[in-house]
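Read through the structures below before going on.
Each of the next two complexes has subunit A plus one more chain, namely subunit B in the first and subunit C in the second.
== the complex of A and B ==
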């Protein structure tokens, strides 16, 4: 009961407050930029060859303002937004009018979620296991080789690294496709040919993310393990004749994992922001380009829809980690 | 430790060598020689069909001997295999890029509402307009219309004859009822793009018979029909039999798309990367089929790529037949691709007859750019050879006036204006004058290009066509006099100060895409003005449209004038954007040109042009020249060179693309007349 009163309830209030403030900020910030969806729509139409008769432009601007729900003051729009949100309605995309935001997110989300969930988990697991071992056995030859490889890979700009993979494996060796989430003409279906096709197209984007992500996790974990390894309690265990496997798994890795677990939770939360550069390099579908285009076109509703997901995901991930931390770290107690 | 470093370095070197070795291809060679060339020509003949004279277009092939430049991109000899698509042989299919990128609303084909990525195949394959502009031939192509519009004497009524024998791709005949329905629907529903234009202009629309449409206009408008003229978009005709069953055409997705073009929708990617179009079994019931015969490709795929590198890799692996690239991308594709070619077989390789004019635009509502002397001074501070060399490596066609130097425009306008341009004089103050025009500017550009090692013809006609008829002198001394005349001064470091003594800083706003010509013009201008002693900076921004429309800028890399039609001599489309009625104060979206420049004299030109029958060529040209002179005098934006298109064609599967040696059609796959190109493409047999 003390836990609920003294920790859980205040923490939940904080959780909802952060979400509320985050959404409020995302509502107002795009509206304070010079990007106005009506002028962007007009600019897009005229830039793309549509001739909008200047004499009829005022009426067209009025029509668009009304259709986009941008009439009234900013606070009236804010009130209407919350009413809509409570009904589960994100509204329609301005730039892809009249497609509902939920439909656009629904199409892109599975691609982003499946790619980033897998790659985040793999890069975290591989990086931490190998990094942990390399940290503990840091004087071994293989550990130094791995460290050097990670040192070379990690500073590489992601765009360059990903594009080099594309050139090597899609053009030079031609094992993988140059672009896209599926082959041209492939219809979405839950069958083996479709899944195989998706896996084939996802391999290079995933590889690029896993290799760089694992290198980051490797270096961080290696450093933490080296520090933990030098702690008195580890030295004491060694002197006390505790088996090395036990020291590695129970004494060193478990302690070193604590900050890494927090990092993993945050990484999962950030999945909903998409992987913009990955999507651009591999022409891969997902939320990253959807959000980027929404920002540059002033598509308020779409920005709101995606960032709302992201805010909720990150704050929820942090909340869950906070609540579960005592299970991972016995030193933490909410009493 | 040393061993591991050595191992890692060796690994890196080996990988780099593999990449380099595999990517290496022969250096492109440029050779001029006499070779026989088979040329496909389009011949228009009049034949009698069902007792009525019909204009029929026929294709003939001739072998002519002409001088061409051979690059290292000959017709393919190496057999390679690209992946089949849809389980069908790749060689029955053309794959082309979507210029406007990944489709944001893939399941929505309703192009009457908002922006719908029309170049994914709607405008260029599956739909036919009443008329199309083909800038390569300079002609208006009759699509669904069977001839020119017929106006009454005071331009308050207009009739359109429609083509017989056309059917929608679901088999329903196309008739005047479709056109009448479209216009009435546009008037009725506010969310449709053309609603306000139609509501403002059309009093009534009727169909006297199945193949004639008659409009009664609310006020005289001699250019009303141009709303149906496809120049990268127009008012399209709705299939009545589909839309009449729809309650709300604004939210209707129009999926599957039904059109009158030679291709119909096959399938599309829910993520917007590709759309597949299939040749209609009844292709002969499309205007394309009636005019030019059977399209050759069975399928056409329009595909988007999120980055240029992927486009180039796709072309090099024969997975992309036609695509627009950047200047650097085209060079890479031509250098690496064994079967690639540009629009021109030799230097400058690019499409240089696109009807758009690039340059710089001044915000004439913001000091000191509200002063024509300042605008002229900034022009004279530009060395156009250096400028164009930096921007496009000398590949653009110069234009001294506010229309591009291409098609019939040089003959109709720029040549007749040569004397006036030569006589045009600037007042420098203190009784001093200066004639800024320079007929030799193209020759200076030729010399630059030769110095760069490119091979160019010395034929004056070729030079004029490729590099233009003239531009302005590089005269920084004169620019200085103009500025001093207007109270500007220099500080001890030679930096320019405004008349109020403050430091002069010019912000040149451009798009952020470095390959875009707006960016390249802005970057070149900044270099020139810095050299002149002004603190100029480039401000790349994705908000350029909003900022220029609301007047929040000094100078922009945006087009200095509205693009003309690209066919016929009528400049109403360009000049009307300088109409004072469209100018809005700073902070409000302007309806005309973003320079916000206008003048009573230009208003008078626009009014007279509006009252002139566009078919009255002599009168249209005479008034147009008056308008161009006013624009040169005021210089609200600096015209530099015509739009340069970097088209790359892979000829591994398909050939007979409309290159510069045989420009039977406009060359882009994203423009409407791409469909008219399809009957002339030839499979290579690969």
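== the complex of A and C ==
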């Protein structure tokens, strides 16, 4: 029971509080800024050349006010906002009228989720294994070479790195398609050509996410392993004649993995943001590209929907990582 | 002088120092630019690099080299505003949280944890979207500053936490030093290197964020920055048309800047950590 009382309940309270604050912030941000979404939308529409007579304009303004939930006092608006969220209603997209935002997000989400899941897993595993080995054998030549490579890749922002890969591998050497999630006009089907096509298109976005993520994991893991390596129990194991493979895998890497799990939970929000940016570079049909189109067209509802959903999804993912922590750390059993 | 000599033994420091000096020089030379960077069609369009136009000209009819000088300058200004303002927030919050402890600490760390957990990029996009009309170097810098302090406040807090437990804190308190002078005089010297290295990392983050926002068209595209330069090159299809000089200039400069800032911060913090310093420059 102590696990529930001392760990689970405070963690769950924190989880709900973060979601609550995040969503409240998303509610208040547009209302605190001087610009009014209704007049902005109308200004954009008139700028595009559409003309409405005064009567229909009034009706239109009323519709918009209702759609954005801007009727009534601030308090009523806030209540209505939550009610709508609980029904899973994010309003309708403005520039793909009248498709509901939740439907647009629904089609984009599987692309982002699968890309994110695969790349996070790969970059975490590869980065930690290679980083662990490089930390253990930190005096070898290959370890230093890898270190320098990571030192160059690590500071690059997602956009620049992904763009450089795109130019190099899709334009200069034409190995991969330049953009999209599948060839144009290909129908969704579960057969080999479709899957092959998806894999070919997602290879470059995945590669850029994996390489950047692995470089970060590589560096932190290498540093931690170097520190663990200097601990007495490792020295003792060496003197005691324990096999080197056993020392590396069971003694050193196992101990060094713990902070890496915490690190993954803490940086997951940034990894997610990075995935969105990478999708924009490669026009990969996920949330990132949806977001890009929403920004270009000024589709405020859609951006808000993506943000709200991301806040919930990311905090939940982090909660799951945190709750899995006891599995890797036998010292924390919460019993 | 000895410190500098020790630092220069690290090839990373030597590289980043030279690279940053070169970039700074480039930024300063924007004073000599012959034309206003916001004007279009001042030189012939789409020229290859030549003696007259060192880095060629763009499809907007601008000299790429002089554009680049302004771009580096403005990107550095944004990142400095973001870095310095967010440092002030981070130091205040980190020190108050670390020194006060208890409830204050919990509340402040909860806020900074929330900022770390939430996909900040989306919130920044949401905000940038709304203030797009008044976006300039200063507002962009402040916007980024407002979100860039969370992690560093944590770092500073943990430093203060360990300092608070040391004996000299007790000595100072018992001999009648009040809180503010104690924090400023006794703790600041320990925290300064930390603040400096987080400043560099934060600047790098701000430049990266500016580039991303520029690609999304959420900044004022008339002001040349590394981001807007890249954005113009991409939107004019410089890649397909083969104007490599236009496209590569902002990319190469950005990569150089990121690597230099990162290496500078790594080599300085390694130097400040006595354990790694002994490994590198030998014990004295």
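Basically, the second predicted complex is superposed on the first by the 256 of 335 C-alpha atoms of A that agree within 3 Å, B and C clash if a C-alpha of one lies under 4 Å from a C-alpha of the other, contacts with A are read in each partner's own complex, and residues count from 1 in each chain.
We take it that contacts are C-beta pairs under 8 Å (C-beta built on N, C-alpha and C of every residue); 3 or more make two chains touch, one makes a residue touch a chain.
Remember, predicted model here, so these are calculated numbers, not experimental data.
Contacts of A:163 after superposition: both subunit B and subunit C are touched. In the superposition on chain A, A:242 makes contact with neither subunit B nor subunit C. By the touch criterion defined above, A:22 reaches subunit C but does not reach subunit B. In the superposition on chain A, no contact is made by A:85 with either subunit B or subunit C. Of the two partner chains placed around the shared chain by superposition, neither subunit B nor subunit C is touched by A:122.
By the touch criterion defined above, A:207 lies against neither subunit B nor subunit C after alignment on the C-alpha atoms of chain A. Comparing subunit B with subunit C, more residues of subunit A are touched by B. Once chain A of one complex is fitted onto chain A of the other, the partner contacts of A:14 are limited to subunit C, with no touch recorded for subunit B.
By the touch criterion stated above, A:111 is placed in contact with subunit B alone, subunit C being left untouched.
After overlaying the two complexes on the shared chain, residue contacts for A:261 are found with neither subunit B nor subunit C.
Residues 33, 35, 152, 163-164, 167, 171, 280, 296, 298 of subunit A touch subunit B in one complex and subunit C in the other. Remark: subunit C residues 12, 110, 113-114, 116-123, 125-127, 129-131, 133, 204, 207-209, 211-212, 215-218, 230, 239, 247, 251, 254-255, 258-259, 261-263, 266 touch subunit A in the complex. On the subunit B side of its complex with subunit A, the touching residues are 1, 3-5, 7-8, 12, 15, 18-19, 22-23, 83, 85-87, 95, 100, 102, 104-105, 107-108, 113-115, 118, 190-191, 193, 195-197, 199-201, 226-227, 231-234, 250-251, 267, 269-274, 276, 301, 303-307, 309-310, 313-314, 316-317, 319, 542-543, 545-547, 549-550, 552, 573, 576-577, 579, 581-582, 589, 591-592.
Put simply, subunit A touches subunit C in their complex at residues 14, 17-18, 21-22, 25-26, 29-30, 33, 35, 151-152, 154-160, 163-164, 167, 171, 266, 268-270, 272-273, 276-277, 280, 291-292, 295-296, 298, 300, 303-304, 306-307, 310-311, 314-315, 318. Touching subunit B in their complex are the following residues of subunit A: 33-36, 38-45, 47-61, 63, 66-67, 93, 95-99, 104, 107-108, 111, 141, 144-145, 147-149, 152, 163-164, 166-168, 170-172, 174, 177-185, 187-188, 279-285, 289, 293, 296, 298.
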